[in-house]
Every structure is written in C-alpha cells, then in structure tokens.
Amino acid sequence: MWKTVLRRILIMIPQLLILSLLVFILAKMMPGDPFTGMINPNSDPKEIARLRQEYGLNDPVWVQYTRWLGNMFHGDLGQSYIQKVPVTSLIWDRAVNTFWLSLMTVVLTYLIAIPLGVTAGRHQDEWQDHGVQIFNYITYAVPPFVFYILGIWLFGFTLGWFPISGSVSADVNPGTFAYFWSRFYHLILPSILCSLISTTAIVQYLRTGIVDNKVEDYVRTARSKGVPENVVFNKHILRNSLLPIAAFLGNTITGLLSGSMVIESVFSYPGMGKLFLDSIGQRDYSTLTALILLFGVLTLIGNLLSDIIMSIVDPRIRIK
Amino acid sequence: MAKDKNTSKKDQNAKTSLPPSGFKIIVREVWRDKVAFVSFCIIVAILLFTFVGSLFLNKSQVTEINIAEAYYAWGESGHVFGTDDGGRDILKLLMMGGRNSILIGLSVTVLCEGIGLLVGLFSGYFGGVTDAIIMRIVDFIQILPMFPIIIVLTTVIPNYNAGTLVWLISMFGWTGSARYFRAFVLSQREREYVLASKTSGSSNLTIIFREVLPNITSAIIIEVVLAIAGNIGIETTLSFLGYGLPTTTPSLGTLIGFANDPVNVTTRPWLWLPATILLLIISLSINYVGRALQRAGDARQREN
Amino acid sequence: MADEIIEIKNLKVHYPIRSGFWNRVTGYVKAVDGINLSIKEGETYGLIGESGSGKSTTGKAIVGVEKVTNGQILYKGVDVTKASNRKKLNYNKDVQMIFQDSMSSLNPRKRIEDIIAEPIRNFENLTTDEERKRVQELLDIVGMPSDAIYKFPHEFSGGQRQRIGVARAVATHPKLIVADEPTSALDLSVQAQVLNFMKHIQQEYNIAYLFISHDLGVVKHMSEDIAIMHRGRFVEIGKRDQIYKNPMHIYTKRLLSAIPVVDVENREQHKEDRQRVEKEFLQDQDKWYEKDGRVLPLQKVGDRHFVALPKDMIQQELKEGE
Amino acid sequence: ACGNNSNSKVDNPTKSFKSATPKKAVKKGGTVSVALESDTPFTGIFLNELSDTQNDTDAMAPANEALFDTNDTYQINDKGPATLKLDNKNKTATITVKKGVKWSDGKQVTAKDVEYSYEIIANKATKSSRYTESLQNIVGLSEYHDGKSNTISGIEMPDGDNGRTVVLHFKEMKPGMKFSGNGYFWEAAAPYHYLKDVPFNKLQSSDQVRKNPLFFGPYKMSKVVRGQAVTFVPNKYYWRGTPKLNKVTIQVLNPNSASQAIKSHKYDIAGVVNSQWKNVANTNNVNWIANIPLGYSYLGFKVGKWDAAKGENVMNKDSKMNNKSLRQAIAYGMNVSAVTKRYTNGLTFHIPTLIPKQFGKYFDKNVKGYDYNLKKGNEILDKAGYKKKGKYRVQPNGKPLTIRLAAMTGTSTQEPIIQNYIQQWKKLGLNVKLTGGRLMEMNSFYDKVQNDSKDVDMFMGAWSLSSEPSPNDLYSVKAPYNFSRFVTAKNTKLLQEMDSEKAFNTNYRVKKFHEWQKYMDDEAYVVPVSNSYSVNAVNSKITGYSLKPSAANSLWYNVGIAK
Amino acid sequence: MEKQSDLLLDIEHLHTAYRLHGKFYDAADDINLTLKRNEILAVVGESGCGKSTIASSIIGLYDHKNTKVTGDILYNELNLVNLNESLFNKIRGNNIGMIFQDPLASLNPLMKVGDQVAETLYYHTDMDEKARHARVIELFNQVGMPRPEEMYEMYPHELSGGLRQRVVIAIAIACKPEIIIADEPTTALDVTIQAQILDLLKEIQKESHSGIVLITHDLGVVAETADQVAVMYAGQIVEKADVKTIFQNPLHPYTRSLLHSMPQTDDESQDLHVIHGTVPSLVNMPRTGDRFAARIPWIPASAHEENPKIHEVEPGHFVRCTCWQSFHFQDEEKKG
C-alpha cells in the first residue's frame, strides 16, 4: 500500500504544477494589483509605481512565475503584499483558526447527522423518516448565509448568547483557561449553524445505506444465527451503512483546513476562507496563489486519504 | 389490406403495452405518491407564475428605479410584497427572478449533464486507455477549488452576465455527473446485451447511443431532476460573496442576497424572504418528484 | 463428410495483471492458454470445465468480442482474429452467440422486433416489410406467438427469452453458434424446451454449435465431440462415448463422478467412487499435471480421442481400461 | 416608508449630532471597547512610518500620538508634544520636542527619534510607501534614498542625537506647511533606541512593530490578537498626565453588523453606517458624535490621457466628453439631494464645490453647483446641438452617443443609486451604460480609470483629503490622480498661484481658491456630488470624546467614564 | 430434554401469504410436513413454487408487515408460528441452523469469516473468546476447510465459492442444531464442489443426528442425498414419499413429467420431454381445482378432483389429486 500511496503522491506533482500555473495566470489576469488599494491623495503615485517595480510586478508573467516556482521549491511562498508577513506564517495563523472551527463543525455534524440518518433509515417511510427528510431538504435548499445571518441575529444580537465576530476576545491571555474558553465560546455558534446545514449528505447516504443493507442476505444470515434485532442493526446494518460516510472522511479531514468562505465572512472569523476572499479583494497575489495551491493539495490529499480509509474499513477494496 | 389492419391494431396494442419502465411508470409513480403529485402541481404552478407571469412584464420597467418608493413594506401602496431598495416591486422581481434563476439552473443542468453524459458514455464504454485519460482529466478538474476559481474568473471576465455565469459553473460541474454516468455505463457494459449487439455487427457508436443510453435513461432523469434542484440555488452563494449577477438581471440570488445585509434580515424581511421561500419550495418540490422518480427507477431495476 | 467450418490453432487469451510501483504488467491470467480445436459443419462441439477454466473466454474469442493474445482462428481459411478480416467477411453474419443469462443478453429497452432484427439490419439489406416478415418467420421457428414482436423482454418467461436469444442468433442463418451455458439459469422443464429446440434448428439449418456448459448431462445430450477444459487448456478431447465411457484423464473422471445420478439404490456406491477419484486427483497432482500445475500437451490415444497425459501413463491407462 | 410616526431624530438626524460628548466629571478607571469597522482584518503594522492602512492607524490610536496638536482648522499649534517653527527665509522648519514627552518605556523622545522616522521612510530596504514626492522637498532625502549618502543632509540635530531639536532644511517653502497633514514633513517620531537593532528590511515583520510597539501616547498596547483586536493599558509615563481608563479594547467588527452591535450595546464606541441610520436612530443611552470628514465624492469626465513618458496629463480636445454643455447637462440630471435624503436621511448631502466647507475661508460659498434640473439640462443639450434621434440624443456631429459610466461597488444602496442616475440621464435623452454592465469592485474600477480605458467616459469616484486644502495633487497637469486628464491653461495657472510664494499671504490664497472653484464649477470637468457625516455611537457613560480637529491628538487622554 | 423424541418438526396446515397490491396471496398453501431426527427431507420443485417460503416460515425470518403465516410449526411442542422474537432468537442458530443459496451475499463483507461463525457461539453458548476461537477452528476442520487458522482471518471475498459455502455451513452447524434448513445450498456452485458440499452435509447429519430440510430444484441432488422427498407445485405439496419411491414409482403427473425432462436418457437423438405451458405466478395461480391441470390439458377434467386432497396411496406415499390414476404422457396416448 505504501508504494501505492507514494505513487499517487508522485502523480500529484504534475497536477499541482499545472494547477499552480493556471492559478498564477488567473491571478495576474485580475484587474488591479496589490497597490491599487493604496490610491488616495496622500500616497504618491510615483511611489506606488516604485513599489510595483520593487516587488517585481512589472516583470513578464512567466518571469514572475518561474521566480515564484523557484522560491516555492525552497519552501518560500513569498510575502503577503497586504499583510506584509510571510505567506506561510499568515496561512498558518489562519489555518489554526479554521482547523478548530471546522473540527467543531465536523464533530457536531456527525453527532447530528448519524442519529438522524439512523432514525430515517430505520423507520423508512414512517413519520420519523419524513420528519428527517423535511429537515434535510430545508437545510439543503435554504442558502447557508441566510441561515447564518438569521442565527447570528437571533443568538448573537437579540439573545446575546454568543459573540458575533472574531476568534477570541481581546482581553484574555493566551495559555490561560479563560483564553481557551473564549476561543471555544467563539466557536459554538458558527459551528452549530454550520453543522446543521452540512448534515444533508451524510444523513442521505446513511439513510440509503441502511435501507439498502436492511434487505441484504447477510442480514438474514445474522438473524438466522439468533442475533438480537438491535445487535443485527448496530453491528451489521449500521456498520455496513457507514462505509460510504467513511469515504467522506478523507475529504472532510482536509476540508478542516480549507474553511468556509461563507461562515467565516458572516462571523468575521479570521480563517482560511476569509483570508481567501480578502486576498482576492486586495489582490494579494502571493497569498492567493498559495491558498489555491494549498486547496488543491488538500483536495488531492483528501482523495488519497479517502481511498486509504476506504481500503482500511472495507476489506473488499484494495487501493491499487 | 387485411394485413395492414392487423398491424395497425397491433401497433395500438403495442402502445398500450409499453414497458412500465418508460414514461408510464414515472407518471404512475408520481401519481401514486401524493406528496410527489402535490409537488409536481406546485412546480407547474411556479412555472406558470414565473414564466407566464414574466411574459406580462417588461424587464426595463420592472428593474426601473424609483427611489421615492424604496423600501415599501408588505402590502404598502399596492406592492403585495413591498419594494426593494430601488423601489422595484418585489413580486415582479420574484417572477422575473424566479424565471431567470430557473433558466440558469436549467442551462447549467443541461450543460453539465450533457457533457457529463457524453464523457461518461465514452469513458465507461470504451474503458482502457480512453477511460484512463478521461478520468485523469476529470480528476484534475475535480481538484480545482471550484468556488475560488469561479470568483477569480468573475473578476477577470469583462462582461459578466447570466450566460457567463452558466458557463463558469458548468465548467466545473460536469465532472461529477461524468463520474456518475460512467459508473452506470460500466455496469451496463457488463451486461451481455452489449456483447450480443457486438456479435450482431453493430458499431460502437450505435451500441453506445442505441443500446446503452436508453438503459440509463432513468438514471439520467433522476440525476437531472435532482441537479436542477441544486442548480437553481447555485448563484445565491455567489451573490452572497458579492460575485453574483448584476441587479439589472433579477434572480433569486440577487433577491436572497439582500439578506447579506443584517439590517435587511431583521427589519426588511420582504426583500429576501419571499425569494428564499420560493427557492425552498422549488427545491423541495423537485426533490420530492425526484424521489418518486428514483423509486420508479428502482422498481425498474428490480424488474430487470 | 462434413467440412470443418472453423479451426482454432494454439489460441491464447491472457489478461494482464498489473501491480508494483509503476503499475506495470507483472503477470498474466492465462484464461485460455494454447488450445486447438476444429468444429465441423452441422455438428455440436461440447466444451466442459469447472468455473473459471476459460470456457466463456474461448467462446468470446471465437465470436470476436475478446482480444486474442496469440494464435489463430481460421474461418474459410482466413484468420479472423483481426478485426479488419472479420469486417471484410461479415464474419458475425455466420458466427453468432447465445448467452447464458437471457435477461441480461436482451436489451430491456428494445422491442423483440428490434432485438431480432438487429443482426439482419447490420448484415443484410432488406426493406422494412421484408425484415418484418423475416422476424415473424424467426419467431415462428422458435415457436413464439407473432404478437411477441411488439413486446419487451421482461414480458416473457426465462425460457421464452432464451428462445428469443436463439432467434436472434439464427437470424442471419449463421453456420456456427457459440452457446455459452444457454440453459444453466433455467428450470428443468424449460431447459428441455430450449435444448429440444436448439437441436431442431440445427437439423433444419445445418448449424454447428460450440456448446459450453458445466452440466455434463446436458453436454452429453447435445454434443458429438467433447472437450474437457481445465486451467485454460484441454485435458481431454474425444467423441461423446469415448469421454463418457472411457475417460482417461483424472480430471475428466472427477467431473464425471461428480454428476449426481438418479440412481437411489447405488448412491452410496457413487459416493465412494466419487471420493476415491477425488482423493486420487488431489494426491497425485504432479502425475497428471506439469510441475507448475499446467496441463500437459495432448497425446493421441484413439480415433479423435486425445488426452493430456505423459505417454507412459497412457499405456498404463489403456491397459487398465481393457 | 414608515413616514407616519415621524420622528425628528430619525428624519432629521443632523440636529441631534454633536461634535463632542457632553462634559461630565470623570471617574478614574473603567474599560472602553471600540468597534473597528472593517470587513478585513487589520494588518497590524504599528509604526507610523510603515503602516499604510487606515485600519492600522485606527487600531493604534489610543497609544499613538502625533508630534503636533492643531486648532480646529488643522493649523499646527504649540500645545502638543512638540513645537514647530517655520523659517521661510532660511527654508527651515525647527521641531522641538517638549521635555518630559516619554516613550512608554520611560525614555525621553529625542531628536534622533524624530530623525529616525525619515531614515525609515526613505530607506529602500523598509519598502515604506510613505516616501513621497512631497517629502523629497527635504534636502538630501532622495540622496539618502538612492544610497548616495548614509545620512540625510537636510536634517540637522543641533543638540545632538539626545537633544530635542531637529532642523529640517527644505528646497522650497510651501504655504501649506503650517497645516497638519501637509506631507512636507513627518509628524511622528520612531523610537530609535527600541528599533535600532532591527535591520530595516526586517522592520515591518518584527515583533517591535507587530507585537510590542512603542508609543508616547496616553496608552500602551498590552496585547495584539493579530488582525482582530488590540488591548491598551495606561502609559504611566504619559507627558500630559495619567489617562483616565484602565483599559481600552479595539476590536474589528464587520460593518454589516454595525447597526446590531450599536443597538445591543456590544461596543462603547462604534461607527454608524449611514444607510443603516434609521435602524439605530432610536437606540437609547448613546450620544451621536459626528463630524464631516475631509473628502467628497464626484463625477469625473474623461477628456484625455496620461502620458507616462512625459509624466503629465494630455487633454484630447476632440474627445466625446469634451463638451461643456454635455457635462453641465449631465450634472443637472443628477437628483443628488433626493437620493441622499432617501437613503441616508441627510447624513450624506449634496456639495457644490470641490473644496470642502471644513476648510473655512477656502470654501467659496457663492458657488452653487448643479442642482437637479432636467429642464435646464435639456435646454443646454438642445442648444449645444445634441439632437434627439429616436429615444436618445446623438452627438452634434450626428454620431450616436453612448456614455459609459464606471462606478464602484459600495454600500448595498450603491446599486439603486447609480441605476437611478442612469434613469435620470435617460430623461435627458442620454444613453448611459455601466462599464462592464455592472458596478465594478475597487480594483477593477481603478484599473480602468487609472489606465484611461476606452470603456470609460465618465466615472464616479471619491477622494478623501488631507488637512492641507490645496487641490494640486488631484487636478494639476502633473498629477497622475487627475483622472479626468483635463488640462487647461487657466486651471494650471490658478493651481500654481495657489501654492506660490505669494500664497503665504492667506488672503491671496483664499482668493485664488475661490477663483479656481468658480472655474471648476463652470467647466464641470469634475462635478462634486456629495459628502457624508461620519457618525459615532458613543455610550452615554463616556465623556471626553470629541471629533473636533483640535481634540484629535489628545483624544484618548480625555476619554473617560462619567461619574 | 433427556429423552428426545424422533419427531423434530411437525408442520401442519401451514399457510404463508404475501401481500401484493394490498391483498394477501398464499405462496405456501396448506403445507403438512414432518422432519425426523437423522433424516434428510428434500423439498423439490421449480422456481417460484414456494420452497423458500416454507424455509423462511420455519425460521421466522420474513417481513412481518407484508407476510401472514398461519397454521402450526411444532418444534418440541413449541409452536414456531408467530413466536415471540426473543424466544425465537434463542432457537435460531441454536436449535435450527440455516444455510442459504448465495454464499457470498450471505456473509457480511466487512467481518472476518471466523468472527461470523463465532458470533453464533457468542449468543448461544457461554464460551469465552478463546473457547469460541477454538471451536470455530474445530468447525472449519469439520467442514473441510484447509488451513483453518488462516481462514479465520479471511474476509468472504477472499474465499472461493466452495469455501464460502463451507463457512455458511459452519455457521449453521456451530451450535449443533437439531434442525438444519438448507435452501438450495449448491445451486451457485459447480458440479465437483456441489458434490463435496452435499457429501459434507450428509456427514454432518450422520455425526450430529440432526434433521435436514434440503431445498433444491435439482432432482439429481435429491436422488443422491435425500431420505424423504416432498415435491411442490404452485405452493402445494403434490407428492410426498421416501426417496426410492419417488424415483422408482413416481405417481403424480408433475413428478413424472419432471423426471422425464431430465437429459439423462441414453438415447441422445430423442427429444427431451417438455411440460406444456408455464408455471403460474403467485397472483395468477388458480386457487380452486387442480393447479397442475392446465399443464396436462389432454387429461380430461373429470380425472381431477374438484378440490384436490392429498391421499396416502400406499404407506408413506402421499399424492395429491386422483388424476395420477388416469395420467399418461401425451405421446403415449396412442399406446393407450
């Protein structure tokens, strides 16, 4: 298997190169540049031109690309034009935030989705099932941001139960319990809202899995062994139905780092999604290319992880 | 003469004994399932409301700004659903917007599913190297972060409108359905009727389109129906992030996008709520119909 | 004497196994590994073997839907392993196939008329009326009511469907039909219908069959010549009686002994025989096979009777047989 | 819409605005939280010489004090941490830091600290964006920048590094030099003793700048949550005395959430988004503290091109928009007052000229600008030969006339407002289309406008101004920011006179300003559109908060909780 | 249960009906069967005649919402019909073992085969884990699996069809049940393996003295293994006797026709016998009169009983309807 994994990783390299070139060109095609935002009567246009020159933005695109690529092979993703810090440190900062938010979201998602899916599958076509389905359809059809904004309005402002922006409050010291609590407290509302609407796919897969597996022959075999019904359900039906969800896991894990543009901008949460949107708005090329590339890598790793996970949990599948 | 009569009678006969796998089973299944039937009626009603309704509207009139009438609430001055920030009538915007969004959803679906179907058919049927190459391309496109790239492209493309939006979304959307259809084709290819056709001397193209394709129609119908439901709402998220359509092109996305501003969420629900509910109803209805179709498809699967 | 209509020389079909770091071909499944066979006009050639022995692969290679790794299939003296040659000859007009699973071999979305007419449309230029007439005739031949042409496959029972499959196979008046387990999915009485029927049309149109099955009773009923296949090769070929009355290879004996016999009185006896053969088969593998488990080359032991055994053993067997 | 329960505070907000909180007795201690409204995180470069975003400036405000206090017309006075003496004859400015002005680590602010700012700004390695043409008026600065010398020859420290006096030598003296924000010299100091060990190229990412910056203002930064929040505690060495509060926190808030934050009192001080005024107007326990910032929005017409080689604007006499009547008619077609009233209840208002009222005498109140008048617009067009052909007018030469308008995205009401103007112009028979079919985001907008794109005939932009009133940077031949690219002899002459030697005479300068405003009003190359109040919701328990220019430098020293 | 009676299973008037389009249709119609210790009872018949229906009724595994079972299935005086689930769970796997047709589908793809066997032991014995493991190995030996220790760790897809079926058998016999129900245990296998599996079943039966219900449609299999045979047609038992009688003196027209259509005759040139018509589906099944009558139309209607009963024509030989007395094959007609 390790050989296979290694091979898959090798195959990723050309894919990423193409992706990086694509992204680089796209980024350069966007109107404006990092210094467009500096236009105001207090800044000297000549100075802006000078900075452009100094940052190498006047070079031909391919020169910029090869320079960027060369630096990247040395682990240097460049300096953010806007934040004026190395992109790696910037991303690292945001990735940590996003990681916690996504982790909470994922955990909650599974905590909510699995019981729902199980209920729906077990009571197929009964009222429980219909209830779950309606919930599912609603969370699927209502645009997420409407959901988030209503949530923030109700729980953040009107009821005042939760903070409404940021990742931590300003007046706590890192390392203390208060700090930890504050971070957690900031996560609760966004992660609950986010998880509520991301349950759809899992619930659906689980339900279908259970409905399908219920009538499989091996379930009949289990019953013929005299296995009690609830064990039949948990040990045989449920476990087998969880397989397709296990396949999600890989992508979910890497999704932990990509963040969600929508939730992060609604909550002004300084994560990867927000960073991405900001870097587009501010034409922060270095951050932008690094991010898209990172998203690409994460997707690839996610697919690989999914395959590995599947091959671990499902003995029938061996990754080739 | 007599023979002719005979055949025509048989033809009638044939019509009545269409296999329950076709259109009939769908109708039957939808009719039997009351929720699906009601949903179907709702869809028809919405289509009438948006498409026929829009016929009576003049686009430039609907999107005309009248600042004096901005922000009328429900029912004020004859605006049933109030007006938006430019004094445009929400009800009329809803009609046109609904139509536009449905059209966008349909076009995206047609493009994505069309390309996906072709790719899936060829890739699945020929297998081997063809399949390997196509699937690598699909893999590559799937690792592209779709939303980020769409957003970048919307800022790059000079005259960004509904058409370009459709193309942009479809550019990424087809891969999923290609994979999906390919899986079906693969399972069909295993069936011996494909071999039988080969030994009967049919060409590959004939086999793909005349033999395999009809057998995955129910999968296609289901996929397409469910995809429409998903695609109608697809521009709303873009609108939220600020990369949606211009307001001169009313759409559900631009209407729901009013919810972007919390002030509107809390104090002017008429701006975004009707569109949200309309979108919800459309999605729900299509989903319920899709479900019934899926059951019809399953029933067929069992019969096979 | 009947002429040979197809001759197979040293046919090999190997499927590559890929593995290793670069996913390179590291080995082959030798599904068919060098068989020689010739089928005569109007005769039935039976092909028997356990699951996975390569029977279907052989059949598919003959009709030209499986890529041949090596060897020749000569039809009218032309090597038809090349697709271009098949096309030139309208090969599949003359060589057709009947499949095991009648449901999956009929396109569920097509009417019977279109199913049966497919080879006619591809190989012959008939007007619509002529074509319909022909389809009606064919249905008539296979004993189906004429209104069947407007129906769909799922409206028929298994036996009927199999007959439709046969009708399609004979539509272009082929000279050879490869029948791959045509009745294994059918009930006893339905099987009888289909088998009878296949025999009838054979007599009527002088069709040759390559009849593939693992049911020895059925093969015996159908075929004059029989080949026993194992691990992609033939272990024994011969006339029906030679095989059934005087089997020489242990594998043939094993197959034969495993057939359930409707002879309640002697069933204990059968069981003992069976187990004795099984034991022999398991014990002396290298006596019967090459060291790497492959089947030995065939040796002639009688008129049209060949067996894959070393010469010395053949002598011994022959003596024992006497 | 909800006109029936008319509420004066809602409909006529400006009446309830004050520029400072009521004076009350202050109690010691307390915490104040401030919302920093921004939809992006702040950068967090806490060094005046390197920071180039307003967010950073706002985020360090309680700790950051400038060298000079000003009066309400931005004229530098002697009340601040340092004094300024201008010598026109010798072309020098002498800055003297007061004794006792100390960094928050207790060290006196020295001449070297003042001088070091210039080093940071001018040194190439720091990549500071503050190295401007105006500053190069200081003798020796560009030589230092180009590496030709190791010191800045035009900056003298007569009492040595540790003295408190710095003498700046200028190549030329400017009338604006006595005003704060003029850009001719730097108004801050950098803690040399604290920064000297940091190489210039590392400065902007160093902890000394990012995490633990040093200031001499009333508070010092105690903690920075990168991009999100800053916490301040009192600077016990502060030269004016002890600040009142125990703690100040500044936190980034999405402007979208501003109104809700105000209503729910999440922050003690928060800005009001003007279009959300109605939602917050009835909030209790807040004082509305407002001022009118220096700046305006405008409609510009493209009549030429920037010649990069020559570094100057070149007007194209034959360009489509180079027709005074057309421009005037377009200006008459804008129902600015109706729009501002509708969407902001007057918090945004129509302005007549390009010099803001806040500049006092320099503002010419006789210039009336263009009020909405379709009839007049139509007349002008008719007279000028723009005949109607079908729905729209054609150019006098008979060619069809389509005017492409570039406009930026902004607040949520920007879209209807622009569409509204387009409709008004349609009533004049003018066919106006948006460049690109929709509002452009900022980058695309400036990309097109700055590069004189063919797709732009007119554009709606906005400038925020420094406290020095001269419009030279925006409208002169040599100004790249003269996006209209109009160049006329009269304009050039007026602008030059404004900043000439003679203009040290204030009356002369005022006269020239008035002449220029009249000229610009008539020519209408750039039509002023509107300006807005900037309103802050300040918790009524807070006292000492003021938006008066004279209070700016000592603002945070004065803010406290009322007893 | 010191003294065990020889009668293991007594099925009386069993009716099993499935709900189709809202109505219940009997798929097993008045079934009377007995199974004795040391006996293999074969139930034969063509596809769809209700064989599996009987099996699932005995072991109580059917969809309770859409299936109606009435009558008695007595096991040691315990009526299994509509027995309480938890009680039934004590019996399933323990007293009654079941072997299914498709060995791949019948095994959980995600569990090691050894664990699947051990699971039965877990619910019916108080063995600890080690003991269970040992017992599984013992069972694997018993069913003739090579390298049982290794096999324990395998997953179903890693085994060949024959080995999988052995695992399924091991599951069924793990607790030495008194009754084993084998529903077409060899249909999916090829001849040599089929023979091995059948031999194995017989051995097991010999050793454990259990009773086996063997469901099949292959008359050869019946001849090789069964002691008692019940021939089914359209939901009913049409003939029941010991195996010798069935093959040597078949009476019911259906039994005779089936035997006749086997390709076992030595004269290959002759046509095989074909039974006229087709098997009726559940919904179209005639509910009155002789269900087989339609397929032997040349036998006059008067020969059939109006409501065919099953008759004991000689001791231990039961035949439904009296039509057998006047039955002859169509081509024998002339001979009279």
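Points worth noting:
Letters are used for the chains, namely A, B, C, D and E, taken in the order the chains are written, and counting of residues starts over at 1 for each.
In this text, a residue touches a chain if its C-beta (ideal position, glycine included) is under 8 Å from a C-beta of that chain, and two chains touch if they have at least 3 such contacts.
Which protein is which chain? UniProt says A, B = ABC transporter permease; C, E = ABC transporter ATP-binding protein.
For clarity, every value in this text was computed on a predicted model and none was experimentally measured.
Path length between subunit C and subunit D in the touching-chain graph (shortest route): 2.
No other pair of chains has as many C-beta pairs in contact as A-D. Subunit A (ABC transporter permease) and subunit E have centres, each the mean of its CA atoms, that are 55 Å apart.
Mean C-alpha positions place subunit A (ABC transporter permease) and subunit D at a centre distance of 39 Å. Once the centre of each chain is set as its mean CA position, subunit D and subunit E turn out to be 93 Å apart.
Work out the mean CA point of subunit C and of subunit E, and you get 32 Å between them. In subunit B (ABC transporter permease), the residues touching two or more other chains are 155, 260, 262, 266. Multi-chain contact residues of subunit C (touching two or more other chains): none found.
Shared interface positions of subunit A (ABC transporter permease), i.e. residues touching 2 or more other chains, are given as 30-31, 152-153, 265. If you check the complex, the residues on subunit A (ABC transporter permease) that touch subunit D are 30-33, 36-48, 50-51, 54, 82-86, 93, 152-153, 156-158, 160, 164-171, 173, 265-266, 268, 270, 274, 278, 281-283.
Listed in rising order, the residues of subunit A (ABC transporter permease) touching subunit E in the complex are 216-218, 220-229, 236, 239-240, 243, 313-316. Contact residues of subunit E toward subunit C in the complex are 46-47, 161, 190-196, 198-199, 217-221, 223-225, 243-244, 247-248, 257-259, 261-265, 268, 271-275, 278-279. By the touch criterion given at the top, residues 59, 61, 85-86, 88-94, 97-98, 100, 102, 105-110, 116, 119-120, 123-124, 155, 157-158, 168, 171-172 of subunit E touch subunit A (ABC transporter permease) in their complex. Of all the residues in subunit A (ABC transporter permease), the ones that touch subunit B (ABC transporter permease) in their complex are 15, 18-19, 22-23, 26-27, 29-31, 134, 137-138, 140-146, 149-150, 152-153, 258, 261-262, 265, 276-277, 280, 288, 291-292, 295-296, 299-300, 303.
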